[in-house]
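A, B, C and D are the chain letters, set down in written order, and residue numbers restart from 1 in every chain.
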């Protein structure tokens, strides 16, 4: 990429003289719903991405109290659906978008509360920063939510949450709402006002069928677009990252880079990403190690 | 889908009472760049897509004269890059987007003119409604443009156009500019101010290598993300559609539906779509036949 | 690969002493249907492939008269099914195998004769060395056979042949009979004693639907295991090879190697091979050019 | 399939009269290495597979003593390579083939013995029926072998075994030796006369990197032809099968059929089979349950 020149800095062979004829032409364009490329090519086709989204840190310590206050003032239920606080990227003009493609939020569920069931074409994941006691019920399968777990709700699966304890719980939600909205592909449907199963098993049925390393049930030989696993447990993620760093200590190839352990959450039916629009990974940096700078397109939430 | 209820029509369990405490809470949200889901879930996650883009017909007979007038008043060259008139969907608020993901335009090149070479990550196709005499030079390969042809310029291939005749020529351009812009993945680079090869061969090198039905050069066994074919000729498209309707007359399965012949342009290395973001097809309806109504997401330009 | 040592030349730590106990042990093996690895590892797992098949040339000028004589003496019909002379590789011990995986033959059909319809799980192709006038009818679709054409009959398609002229015709058949036999996967079924359609169209329906370069019928969007194309015409093969050599003359990358034009016949739904067990290619060497020696596993018929 | 008729039972239109001319013709065939199809079509292309392999049971209780006697009489080492007793299918004429495509054996390693390292293009798996104490070292990675484990040695990986205990151990080997031999693709190379690492870790490096359910190391994003997992542990297999039967008891879809739990061992990079030529599964039938009869091609070893 030649970073030195830009559309605006070249000799503008296409800056026509401002004449009455030109003004008439431009009026004709407007009447016919036409917009010439030459007046806006630099905006439509920039030399490199010029994202409006900006890097921003939301402090758990500052947003958790607001979530707690919401718990006192705002009942959870049908209509609003979830007591969730969307992280609004300061560069994105007041939309509740954390990036041009992702919506991320802190969701809060009070003691004994239920967030009613619904489904939508948007894909969702949840990540538990702290706490426990909530089960998310995905297509009737109750999935325990605990610290460090990644939970999936791929598009068009009914899901609701309920808190089985006397303590509130908060976690992070991630959805492809902006991507879905830009591409006009969002559908939504209400389900039960309660969750369909209030059982609180330690492991979901999805885990009991699918979470045996390298083993695939013969009843599940058809590949699926999204992962059939409802919960990726912290116990496994932590062990995988720990082993990578130990293997590095032993001189074995294992880490993504020196001091940098990393896993990608995958769909066991294909070995690929968990959902069609969202990639999920977990990275662990050894204390004192540094990662190489890199430039890439696409947006990430850490 | 239950079309009867909507987010706005259910009992709003999550419409909290407007109290000083709530106002303070909402002010806290704003200070921390948070937006609650419950105040806008219906906008973020509609019951079904609510596209702003509207159906609209641009008449060739009305926009061609404007393109011709542009030819007189606006020189083609570096900066604006192309004498192209983008079709601005009336529902999309003044952007030069024909749909939420596509940009489409009529491009006009006067006698003996050259549109300079550049490349961009956006994928492009051209379709020739009428005329001839222009060659588009894609990565150094001159490709003749004639009536009914579909021409491809997949992302990051250098390309320019030149008119080898004393007559102007106009055609349709299609690019994934809006999609690229929403996802912040656009790159652009200038190339030669002229085209790199002014030869005017009847067939491009890409066609000479790849346009033999079912035959793949051994020098091209690696699959490519986009089609290696620079031009899909009208002669082939027309014959394929004609044969489908003749086969239908003979009682053979061939058409997409009764009276409805259709082909998809494909990448011969995979049998899939020509480019990662744009699907190209040609449909021909027998006079008097009707197609079934259908509802789908995604946007199309006919 | 260390070519110097072999199983037989190493110090045989596993050549046990011939004692009564050992003989009793070996008798015990035999009684229990056991064979020790150490007595035959060199045969079971050679240092490198030791094919029994040998290179051999069958002269068209010598086998064609025998085929003609067969035409006089042996009627074609049910039971033997085809007047085909299998090329028996001299190294393969009297089996009609041209290689460990392939069966190849010259097939001969006299004036106005019909080879009756049948189908089998074995995959077949035909290649026409000279002559014309026969149509092969594949699942009811009459396919003209002419000089230089490659014709496909993928597994389990009904097919028969008929000669529409007063001249005999001979061609080459290739099938995966040995591969099918080794793996016990052969099925066979009789069809009509005649062919189901005696029409003699210039182009088969499969060609009319599929042989338009890069164009896929919307009625054929499902990928198929084998190519839907019944005939790959010499006209296209010849042109593709000619263009490759011309492009090479122009300094363009096109040939497989200097002076060596080559195409692979492909399945247009995937870009891959025409049939699951047989790869078909056509190679043309410029006069005086040489190809690099190469070593590979697998067997080829040229 | 019409099972009633056969090649031999139809009116043999192609049984030509035995005349001096015919005898001369057949002599000509022989001289030119030709074999007519019509004299052997029923053998080459049977109406349905006629496998020579027969069902046979080898009793562990009868072959283990023979393996033990081999341990006393036959030293393990270079040349024979392994103290393995191949199961010779009684229908396959004295070859050490358990089926037309598979070789299976009981391998026996005495106290403190080492089977030297080698590699071959044939794919191998081991399954441990009973015992423990042996480590197989695959490309330098020591893999513990314990009861119920499935161990993989995909083609061209160096591997040797050593017994770290004072007890002998026996297990089952499975290789694609016949398939490799029919297709002339076998290569073999000697490695170290010892194993390259006598460590006895509880878990191989392959497991530490790959055996975390649904988690893929970022250092391993390239798909591999065979599974990177060296050992599929009985603990996981047993739990997966147990959970399937429990889920069935709870009325949930989980088993392959009523009372029939089953898993397929998979390559986590693709979700597909562990090796290109061998499929590995584990089936558990609930006591008293019956499986449906089925007919299929291909051979299986239970």
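The rule is short, and it goes like this: contacts are C-beta pairs under 8 Å (C-beta built on N, C-alpha and C of every residue); 3 or more make two chains touch, one makes a residue touch a chain.
Values in this document were obtained by computation on a predicted structure and should not be read as measured data.
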> Which chains does chain A share as contact partners with chain B?
Replying inline: none
> If you average the Cα atoms per chain, which one ends up farthest from chain D?
Replying inline: B
> Whole-Å distance, chain A centre to chain C centre, using C-alpha means?
Replying inline: 51
> If you average the CA atoms of chain A and of chain D, how far apart do the two points sit, in angstrom?
Replying inline: 43
>> Can you compute the centre-to-centre distance for chain C and chain D, using the mean CA position of each chain? Integer Å is fine.
In response: 28
>> How are the chains arranged in terms of who touches whom: line, ring, star, complete or other?
In response: ring
>> Going by the touch rule stated at the top, which chains touch which?
In response: A-B, A-D, B-C, C-D
>> So in the complex, the part of chain C that touches chain B is made up of which residues?
In response: 205, 208-219, 221, 223, 227, 229, 232, 236-237, 239-240, 243-244, 246-247, 252-256, 262-271, 274, 281
>> Going by the contact rule set out above, which residues of chain A touch chain B in the complex?
In response: 1-2, 5, 7, 10-16, 19, 21-22, 25, 28-29, 32-41, 44-51, 53, 56, 58, 62-63, 66, 69-70, 73-90, 94-96, 100-101, 103, 105, 120, 122, 177-179, 181-190, 297-299
